[in-house]
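After this come two complexes, each holding chain A, first together with chain B and then together with chain C.
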Partner chain A sequence: MEKIDIRRRNLLAGSAGAVVLLASSRLMAQEARPLPEYVAYKDADGLIVHSNNTIETLRSAQGVQPVTPDRLLYVRNNVTPPPASILEDRDAWEITFEGVGEPRTLTLGELKTMGVETMAMVLQCSGNGRAYFEHSPGGTPWQTGAAGCVMWTGVPLRTVVERLGGAVSGVRYVTGTGGEEIPEGIERLDVLVERSVPIEALDSIMLAWDMNGEPISLAHGGPLRMIVPGYTGVNNIKYINRLALTEDETDALIQATRYRIHPVGTEGSPEYPSVWEMAVKSWVTGPSESASAGMNQITGLAFGGMNAVESVEVSVDGGETWEAAEFIGPDLGRYAWRAFVLSKELEPGTYTIVSRATDSEGNQQPEETEPNEAGYNHNGWRRPGLEVSVA
Partner chain B sequence: EAEAPDEAKLELGRTVFLERAQPACGICHTLADAGTEGAIGPVLDDLRPTVEVVTRAVTQGIGPMRPYTDLSEEEIDALAHYVAHVTGAE
Partner chain C sequence: MEKIDIRRRNLLAGSAGAVVLLASSRLMAQEARPLPEYVAYKDADGLIVHSNNTIETLRSAQGVQPVTPDRLLYVRNNVTPPPASILEDRDAWEITFEGVGEPRTLTLGELKTMGVETMAMVLQCSGNGRAYFEHSPGGTPWQTGAAGCVMWTGVPLRTVVERLGGAVSGVRYVTGTGGEEIPEGIERLDVLVERSVPIEALDSIMLAWDMNGEPISLAHGGPLRMIVPGYTGVNNIKYINRLALTEDETDALIQATRYRIHPVGTEGSPEYPSVWEMAVKSWVTGPSESASAGMNQITGLAFGGMNAVESVEVSVDGGETWEAAEFIGPDLGRYAWRAFVLSKELEPGTYTIVSRATDSEGNQQPEETEPNEAGYNHNGWRRPGLEVSVA
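And now, the complex of A and B:
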């Protein structure tokens, strides 16, 4: 089987006079892998299965949905999830708190008595868009589908920390540990899912038990997940069983050498920036069927990462000229995405449709993202463009 | 399509998969032919990695998987052909 090369596929599909999106999804379907058992409930028709631990959403399925349902939400597990039995008695799940005045272990049932909030947030894999880097980084060649916008319900971490006597002095990071089971025979720190984020994030972190109004599924981190709004997916620790306020970052490889922004050809190490905050980004999700001449609705999704998204423009000539698109649907807050649309008369011909978003601080998507070895944080506007033939 | 590897190479590849590679591949990977049911990394029967993909993963590491520095070129080549062959990738 050939390594997926979306750039070549786009070109072929474009020259064949087909809509790129449809063509590439058909090619994917020919080599479709089965949905793994733990996500058998998901909608296979709207997903691309890269492996049992990496599954992305087709952009045609993302459409203009303000909230992504579980059945269409991408999956990225660094380590295969623990057994489903951990969900049998959710309220009995335990999490140990350290680096606070009164360190102790709390059950999820106890956390639920301390406070509750709900927020919408874009959950996006650090490697979303990796397929668009020219240097073909190793790892899953995600396109636009390793992202979704979901509603989390849980208790604010600051509330829990206050109840436990506040942070001890000198702490600089919030470190969360995942509850995946690590078999004997391999180094624990090689595969341990443990991430540290700057202590500044403490005020916005949530310990969540519901996603989109339902108990979080196993694939997405239930019974309890640490949510760090505006940060990439890996920082949102699933099955969290330990939360420590720490002076130093964890030594787990997933923090020390992986998920670092380092130059092409170099090895990751702690001297390079960690993959934490997300930047402004958008992509077009339609038209996804063969387009006909006349009025077309060009749709897409845009978000600001750490900041609210302010505006988005669409170009049908590969970035030569731009027109303002309109946001549609509700504004779910700073960390959510917004669907956009540009109603446009299209004459017969071939169009390269791209979108470019700007956040509330005036940051705009670049044309290209500077390459980094592992292919993280792609937010360039040119490469995810759609080539559409209108007949 | 690559030419089918000879029996000796496949046998060596299977031995590398089960015994010589340390930690053993099967601790993390499910591979029906080898009878392993590891559940940390991708299920190789579903992933169907090519010779090139296996070679890259073993020599350079990928994700939580570290590079295997104690295997010879011959062993890595045999391992890659074995995995690609029994999963039907090549």
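And now, the complex of A and C:
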């Protein structure tokens, strides 16, 4: 499918030019990468393949999409996914519950008899927007495309926990374990995908088997994934085979030292905040390079992380002056994103277009995000700006 | 992807047994049909291929899907779709506007600068449920699967009409013309896909270029489709290249004699009501054949046609007693469907499970639908019932 590639325009984007140029140079060298076999069904024209396990959506392909189709949803796997054979008999998939009154193992088929709910939510990699940090963090230089809005269907975790006798006393975390295979000769905790989130999330967590009305694909965690709405992608454990209510956080390095917010130049450790809740964020997705003078539709996407997004402003002069944008399409709920539009007459010239969202608690996107060593949780409004030439 | 095939259970379904057996026998003979090339990307395991231009979604694959993915959406083309080459330069697609103050031809690229909106809507073939009529109408024996809930993105027609000087006086219909090629030697009006809908629909019509966050596929009318929310599928003109506000309905046979509600045994003609607005409807989609005694989730889909769906009741004894079901997932608006669920303990035995929806105006599904010759607009609650054995 044809999609305008707006990567090039990012190179021109205001004060972020230097770092984005670096990031994009890396991308350019990789543009010819084909889609890996396990995601061969995806839309190559709408994606940037950074590596077999890191693929982002082109900003232009995000457009005003209310829900991101699997074909365009970003991919981020910390380790190689399990073999596709785990999807052959989905209902036979097993998950062990611990830290409850009656710990036991349930099949996915059994979970499906307990309850069913559907929830729309922004799935966003912790490192989305890393390319916009000036200190050039290591890791994938994601721009705006390591994020999508997805509809999950599954059973509320609280329903399952109640059926299993409730939480035992003293637990402070929900700890989920992924079913990826641990290669021989590697220290298990070094690669284990196991994350702990605060027990307060228990009420909103879902164990999901469908995504966007279809059984979850392998790339996105099928047959069963733990969904923690409002939390970054890494907390949403794919191929989950163990869910434990625990007193302490897991010792897996992905929790203990990685995915921590720590100062530039330091090493991650448990004393630093974990990458959990997402903050209010937005970015512009259009118009395209071919913008002509006259009426234009300035579009973008906005979400509130843990809170509903309340409003979005757009500036065409790099943040000097702002105008209110309008949301378009149905409201999919607190954890979803909303597309927005500002209809505006544009004279010939060059515009630096940025957007700034505010959530229902009054939190507003900052102009810049405080740097952190690994480049997590970017939500500043200035650097993802688009430079658009109107002729 | 694995999906339980619940076609077989339809054979057992209560009083509808005779007609559904007939319909399903026809299906069985066609089960081996492969997907035609232009929809090869679809999920064959979730679809019933009646012919190259008539493909329906398995009821089990519909499940509780909030939005129907393209891979599972039914296909119904009245004539062969245009060549895929029409998608090579989508923005160059042209549509001519007539019956407005300043009639002219616009490209899709120009339409995109005028405005953008997203709308969720049930897309349902006029003949969906035809298999449940006792008089065995001709035409495709659709069961529940010629329907989906789709998110369309495009420009409101009223925005375009306003930009073109408004409607001329005296117009009573919005008439859309499809861009299918008319084969040589065939009378144009015999095959032309051109439909007229009442001018009252003008305020809700959209000219759409995206479906579910992606450019509309060829099978579903890309690059540009007229969307008339609340109206049956045939009114949603694919590949639209002419939109006229007219004093009279088109003379194309698809309007004049076909898609009319007329008594069994009669011929269609303009004196009979056209198949336009949809009525309140629902059906059960689960549990699957493997239902075990104990807690079960009885699921289904419901919509109100022109009105929002307000409530759904479920009966497990063929309509003797009813219980209120709960909606699940976000409300996508007046024209969308909503998935519903009734959590219920089921003892071993055989159950006839039916559902009955009520819309926001108090209209309720009838037990049976008044027969009409061509088998349109079925919305009776009894015949789509599921016979479920619980062991």
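The definition used in the following text is that the second predicted complex is superposed on the first by the 360 of 391 C-alpha atoms of A that agree within 3 Å, B and C clash if a C-alpha of one lies under 4 Å from a C-alpha of the other, contacts with A are read in each partner's own complex, and residues count from 1 in each chain.
Heads up, the rule we're going with is that a contact is a pair of C-beta atoms (placed from the backbone, for glycine too) under 8 Å apart; a residue touches a chain by one contact, two chains touch by 3 or more.
Predicted, not measured: the structure shown is a model, and the values here were computed from it.
Q: So in the superposed three-chain picture, is A:332 touching just chain B, just chain C, both, or none of them (first/second/both/neither)?
A: second
Q: State whether chain B or chain C is in contact with more residues of chain A in the superposed arrangement.
A: Counting residues of chain A touched by each partner, the higher count goes to C.
Q: Just checking: does A:319 make contact with chain B only, chain C only, both, or neither of them? Give me first, second, both or neither.
A: A:319 contacts neither chain B nor chain C.
Q: Please work out whether A:299 is in contact with chain B alone, chain C alone, both, or neither, and reply first, second, both or neither.
A: In the superposed model, A:299 contacts chain C only, not chain B.
Q: Under the stated touch criterion, which partner chain does A:341 make contact with: chain B (first), chain C (second), both, or neither?
A: So A:341 only meets chain C here.
Q: So, does A:366 touch the first partner chain B, the second partner chain C, both, or neither?
A: It touches nothing on chain B or chain C.
Q: Touch test for A:66: chain B only (first), chain C only (second), both, or neither?
A: second
Q: Give one of first, second, both or neither to describe whether A:117 is in contact with chain B, with chain C, with both, or with none.
A: second
Q: Where on chain A do the contacts with chain B and the contacts with chain C coincide?
A: Common interface on chain A, chain B vs chain C: 1.
Q: Enumerate the contact residues on chain B facing chain A in the complex.
A: Touching chain A: residues 23-24, 27-28, 38-43, 46-48, 50, 52-53, 56-57, 60, 62-64, 66, 89 of chain B.
Q: Provide the residue numbers of chain A that touch chain B in the complex, in ascending order.
A: Within the complex, chain A contacts chain B at residues 1, 3, 33-34, 36, 49, 51-54, 78-80, 138-139, 182-187, 190-191, 253-254, 258.
Q: Can you check the complex and tell me which residues of chain C touch chain A?
A: 1-3, 41, 43, 63-72, 87-90, 109, 112-120, 151, 153, 210, 212-215, 287, 290, 292, 294-297, 299, 328-333, 336, 339, 341, 343
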